[in-house]
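What follows is subunit A paired twice: with subunit B in the first complex and subunit C in the second.
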Partner chain A sequence: MSAFTLPSASLLSQSVLSGIFVGALYGLMGLGLSLNWGLLRLINLAHFAFAFLAAYLCYELASRGLDPLLALAAIVPLFFAIGAGLQGLVARFAITPFNSLLLTFGLTGIVEALIQSIWTADFRKLESSYAQQKFKVGTLFVPVPELITLVLAVAISAAVWAVLRYTDLGRALRGAAEDAPIAAAFGVNQKANALLLAGTCAALASIAGVCLALSFTLAPSQIYAWIGVVFAAVMLGGLGRALGPLVAGTLIGVSEAVTMAVTAPSWAPMVSFTLLIAVLVLRPGKSA
Partner chain B sequence: MKRTPIAIVGAGVALAGLPLLGLPPFYDSLLYLMLHWIVLATSWNILSGYTGYFSFGHGAFFGAGLYTTSTLLARFDWPFLWTLPVAALVAAVLGVALGAIVFRVKGVRGELFALLTLAVTFVIGTIVGNTPLDGGQGVSLSAVPVPPIGPKASATFYLLALAAATSTLMIAWGVAASRFGAGLFAIHDDEDAAEVMGVPTYRYKLMALAISCALAGAAGGIHALFLSYVTVGEVFTIAVPLTVVLMSVLGGTRHWAGPAVGAIAITGLLYSFTAADHAIAGKAATGAILIAAILFMPDGILPRLQRVLGRRRTRLPSAAPAQPTASALPTAAEAVVAAPGDASARDRRGATVRVGAVLLQVRGLDKRFKGIHALSAVDVDVRRGEILGLLGPNGSGKSTFINVVSGHYAATAGEIRFEGRTLTGEPAHRIAAAGIARTYQIPRPFAQFSVVDNVALAAMFGGAVADPAAARREAMTWLEFTGLAGRAEARPDALNLHQRKFLELARALASRPRLVLLDEVLCGLTPSETDAAVALIRRIRDQGATIVFVEHVMRAVMALSDRIVVFDHGLLLAEGAASEVMKRPHVMTAYLGTAAVAGARP
Partner chain C sequence: MLKASPTSRRSALAAALFGLVVLGGVDSPVSAQTAGAPIRIGSTLALTGPLSATAQIHRIVGEIYVEQLNKRGGLLGRQVEWIVKDDQSKADLARTLYEQLVTADKVDLLIGPYATGAILSAMGVAQRYNKVLVHHTLGIPSLAKYDMQFPAWSLGADPATTVPNTIFDALAAGPKPPKTVAVVTNKFPSIQFMTAGAREVMKKRGLTEVLFLEWDFGNRDFGPIANRIKDAKPDFVWVGAIGLDGNLLLDAMKKLDYVPPQHFYLYPAPGPLVSLPEAKNALSVTIFEDQLPFTSAPGAAEFVKIYRERATKAGLADPSVETQAAASYTAWQILEAGVVATKSLDDKAIATWLKANKVDTLQGKLRFDGLGNFGDDLMRVKQVQNGHWVVVWPKEVTSGGAKLLAP
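Coming up: the complex of A and B.
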């Protein structure tokens, strides 16, 4: 066990900043998961597989010279279609939330096998013009790929929040999540809305995947590494809430980064999961 | 029924001879893995499949056993077999400690429980990885000798796993066939109703968790030496719980043998692909099979098979008693017809009412929900042998009164004494055991139990019948009493509202209560169904039970009640004989004024 060492102020603030960056990715990953779970009662484990598939596609396109952000234009519609297709299947067979977990776990296995057969199990790293770019603010280094992730996460979360809160579509979705038959009786076309929402969630997963490819090395087995901490962010933030995953993800990211700076990196998971347990036990009503 | 344990042990003994055939070690390992997953999946199912509390923390309990054994072997040089009971114990203690906290929090059910247990897995994994238990390097057990139980090391592991699997299946069957198991299944279907029927839900969940963890811990202990090199990254993951969930759901979670069927299918499948060097294709195929299974057999392989085989058997003739369809609701007009002082209603009640000493004494009962004062300083006495009607407008506190007396809600203040014993603050299952039964306004049958099993559960837990078979016989007598005998083997969702209400009554009566609390049994029934129910309630009293009933149907109130109490805004407004109380001006304004509105609601 490493001794506790108090890091310097500049190291600490650099850790907080990197915590914010990784937290933004937790939030972006969690957003689609949270909406799918909270508003459609679909616990989509395949969300992570979608993100990785998008990351690999982005890697592939970038290796042929396409800018990763331009690749989004091709990737997002593709994943929207995949998500809507999955929702169509789930609705057709009236899957319970728990069976949806298992179904999407099966799908994750298929996607993992697909990735492995195309790109092998080796680690891959996207090379792009952004990869090495960073600039200095005061004593802090700000890497550009992480900054892109943060900006995207904040902008998208805010946009989703505004749609859910202020548009008729958002109200219809929230109403249908509370009581689908009653919402249908009031004229909500839940079937179409659900397809739209599920497509959006998968599209969000693909955006998170592109951000993932910008700053992390990829391997098929890494799909499972994100599940625990992103689920923690989703639950902490409250299911079906647009800003929740970002806020909770940032909180987790920062506390992990500070833990890593103060103790050892291997203690990092302790923070997020202890937080999650505390929230579930102390305020179970708030998190669902 | 008793053939099942003999078959399990017989299969175990027969399979124990397998290493003598001298199969290549390859087969020993495959069979070991199958048995290993049978133990893990079946042990998971005892808590999660039976009660519906899906745990994603099985990796933590498995890992606790695994690291207990490896620590005792590597650092303390214990003999291997002695470490296994310790591994089981450590895992069970860990589980009980977790359950003691988590099961107290009412909101942690379903997905929240799954997530919480998953988080616990990562926390324990982090602790193990960062302490000398593992040290981040993993623990090597290659120097530890394998006990010479079988002819080869691989045969030893096979025999150990076989013994573990046989005992696990015996335990899983024993639990499922017992009163304990019936209680667990009831928790799965409706935990609150189970508690009210007398199932000690908290204790049962803890016991199921302890058994589940102990078996997983023992499997972990065996697996530690099988692996001979253990690392945190391979144990405290989401992979272990996902695999066991997958196996159990594939096989069927409501049957003791379901997880074993799933474990054999999936292990065999994965192995056949890896053996043929198609590991990636195997992963994809497993995923595809899982998806197909969820889509086409959502209840699992075993229930599906049972259904296919069951079709051949002839069904019980399900001749329901003639039921008028529930169409017309009791309207406000009826309340006017049976207005206070209706002589014929009084006469129909019969004159042979022997009212005895105080059975239930409620003093100063208070119930607050945050700002709302649902009950304020209510004093009520219920005398032995009487039928007491609880009246009042909607929201006046009648149902709250029943919920507090039955232990569904805890009282904020005040005292409840039943037969001289203080029941205030007791959990609902103790109150049920003390002799108080209740019905729900909206019937809450256990959806996956047959009608007769619904009633048998109440007989087992509220009553004194411990044996499941005797409880079913007892249940049949109550189904005959309520006219549901022809529907005994039906599922509750096949019953109409009237029949479900009578099922509620049969469940309440099966515990042989001295006090029955009826919450709007007549609500939603047609006039002729109401008459049948009124006659039944009178027969219940004639059996010797005391009855407190909440009702809006005035005709029934006048026909049945010896005495009524009227609630308004949580206060006791009036008390006395029905015809006399309903003439009091303040009761008429408080109650009858709103009754017309109340009667017209859907």
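Coming up: the complex of A and C.
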């Protein structure tokens, strides 16, 4: 068998679609991380743990008969509070960006242990009415759970972009990230804004978690499987940019999927990091 | 960690004191004192980390076995205490912890962890201190170089040839012997090694390989892989699966409206796969299943019952005894047999005895005189039928005359 195979048109188009779907999830998961990092200078590794915790909560609520999308009504406010609480802690102890990495890595371990103690280390799969639904467009199969993720990712990214670009709050957040003392001199309440933003980022993580639960099987240890590729999407997309992670995530997802369609799937993970390195090398100083 | 109950400790202490007073003339007060102390058996398990789901099975089995053993009077008239440490799914940490078990905890005996990487780490330590190591599920026998290690998983010395042959024998005897095969596999070492063997076996049998794909451990997106299998139109799909690979691939196939004609999964997470409707007729391999004739082995029915209760209570997705739990139980049986037969805790004596004798276990009689101390390949072929795993090959171990089904 040769290492490179010329794919059929249907294989290629289905792979591109599959890449768009998984890329949307990378983008959605990366959105909160990017905002946290770019606007609050907090490298929040616990973002992934929050997403998984939300996924498990969604699984739990769904197993009790609640629709997974309705579960968002309970999950999102909860995670908003958790994110704001974490930001309060970070501000209280004036934790530096580097130390935030250590703090949130530790927090990730704690959340993983918590998940394992409640739901065990066994794999869990959310069963919902969405899971069985798909439709066909021409020769393409479109699964509904992945489509929901794509729609949510696009809508939320666009909404966050609009808020950051067109509202006073967005300007204040961007201003504080650029030059905090000047922003404060203009009356920006950075503390309140930071709490609001951190809460929003955690809430975004929880939405990503629900989407994750809709399409993927859950295990506590899989928290770490997403870190590399989502970080790549965040850095490629540009820190603090609302649309960046979605665009970069989609690019990575499609590149990976096409790689899998034409050659060995084991080469796919190299794609995201090759892209990341290429961007960092070719666009010095512009990625962040 | 399991420890002897206070009552049994008091009884053991009383027995030791009685021995001192009455027998007076024992060689050394130290030996008299330790005669009643529990025998300490040390091990690590991946209680946290990516391998922890399976480690829970081994933890439950170990607890059951030690309880049963102590009820029977322990080993050499002494209670048994199992010291189990968490290696966090890290082979390097397993090495450190086994070193601690020998040098700091000063355990009397060692018993192995379950995953290949951790087993090899433990084996290095056991070799350094000349300790016997009975281990649970080493997937690559050629890596077992140490003379005093004993495998509890009856894979045979050359599983990369014998296991695929068993599978293709079963398919050849089935209703639709395949002519074309798609081989897709995880690159996890013990999986990749078996898949490489399967490809060789296929060649020798004149089967046509229409697709070969590999992915890394932890792959998230199985859509393109499912797509390529669908495009290749094979009669049979060999999936070098570990953990959830099978579920994820079947999920991805379902999204494409594709049902593989005949399909095999090497080491799937058994519970999640069997509960998936798309896994209908999926094949896999096993050394033990929760069904006759396996449960007719001495002690098997009781173990299966207790395990089911404990696993259910612990929230495990699949509370039935299969390969992992059976290999784990077997490891304890092998160690017990060695100690009882030699009436000692002397590692060299135990190893010599094990190499020269067969041991009655849950899997049947095991021998340890082959390459790497491996004996016979007792891997059987099982299939998902009506939502349950059913052993379908070879004929002499099928339950109720079950046969391999093909759509």
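To be clear about the criterion, the second predicted complex is superposed on the first by the 286 of 288 C-alpha atoms of A that agree within 3 Å, B and C clash if a C-alpha of one lies under 4 Å from a C-alpha of the other, contacts with A are read in each partner's own complex, and residues count from 1 in each chain.
Here is the rule we go by: a residue touches a chain if its C-beta (ideal position, glycine included) is under 8 Å from a C-beta of that chain, and two chains touch if they have at least 3 such contacts.
Everything numeric in this text was worked out from a predicted model, so none of it was measured.
K.L.:
For the overlay on subunit A, clash or fit between subunit B and subunit C?
P.N.:
They clash: once the shared chain is superposed, the two partners overlap in space.
K.L.:
Please work out whether A:127 is in contact with subunit B alone, subunit C alone, both, or neither, and reply first, second, both or neither.
P.N.:
Once the two structures are laid over each other on A, A:127 reaches no partner at all.
K.L.:
Taking the superposition as given, does A:113 touch the first partner, subunit B, the second, subunit C, both, or neither?
P.N.:
Once the two structures are laid over each other on A, A:113 reaches both partners.
K.L.:
Using the superposition on chain A described above, determine whether A:269 touches subunit B (first), subunit C (second), both, or neither.
P.N.:
A:269: touches subunit B and subunit C.
K.L.:
Which partner chains sit in contact with A:67 here, subunit B, subunit C, both or neither? Use first/second/both/neither.
P.N.:
In the superposed model, A:67 contacts neither subunit B nor subunit C.
K.L.:
According to the stated criteria, A:43 is in contact with first (subunit B), second (subunit C), both, or neither; which is it?
P.N.:
A:43 contacts subunit B only, not subunit C.
K.L.:
Give one of first, second, both or neither to describe whether A:178 is in contact with subunit B, with subunit C, with both, or with none.
P.N.:
neither
K.L.:
For A:8, select first, second, both or neither according to whether it touches subunit B, subunit C, the two together, or no partner.
P.N.:
Only subunit C is touched by A:8; subunit B is not.
K.L.:
Who does A:257 touch here: subunit B (first), subunit C (second), both, or neither?
P.N.:
Once the two structures are laid over each other on A, A:257 reaches subunit C alone.
K.L.:
Report which listed segment of subunit B has C-alpha atoms clashing with subunit C; options: 20-28, 470-478 or 488-496.
P.N.:
With chain A aligned, subunit B clashes with subunit C through residues 20-28.
K.L.:
Please write out, lowest number first, the residues of subunit A touched by both subunit B and subunit C across the two complexes.
P.N.:
Residues common to the subunit A contacts of subunit C and of subunit B are 1, 112-113, 116, 224, 264, 266, 269, listed in rising order.
K.L.:
Which positions of subunit A touch subunit C when the two form their complex?
P.N.:
1, 5, 7-8, 10-11, 14-15, 18-19, 21-22, 112-113, 116, 119-125, 134, 141, 143, 216-217, 219-222, 224-226, 229, 253, 256-258, 260-261, 264-266, 268-269
K.L.:
Per the contact definition, I'd like the list of subunit C residues that touch subunit A in the complex.
P.N.:
Those residues of subunit C that touch subunit A are 48-50, 52-53, 55-56, 89, 187, 209, 211-216, 218-221, 223-225, 227-228, 230-231, 243-244, 247-248, 251, 255-257, 269, 271-272, 314-317.
K.L.:
Considering only the defined contacts, which subunit B positions touch subunit A in the complex?
P.N.:
Per the touch definition, subunit B meets subunit A at residues 54, 101-102, 105-108, 110-112, 115-116, 118-120, 122-123, 125-127, 129-131, 136, 237-239, 242, 245-246, 249, 280-281, 283-284, 286-291, 294-295, 298.
K.L.:
Where on subunit A is subunit B touching in the complex?
P.N.:
1, 37, 43, 89, 93, 95-99, 101-103, 105-110, 112-114, 116-117, 224, 227-228, 231-232, 235, 264, 266-267, 269-270, 273-274, 276-277, 280-281, 284-285, 287-288
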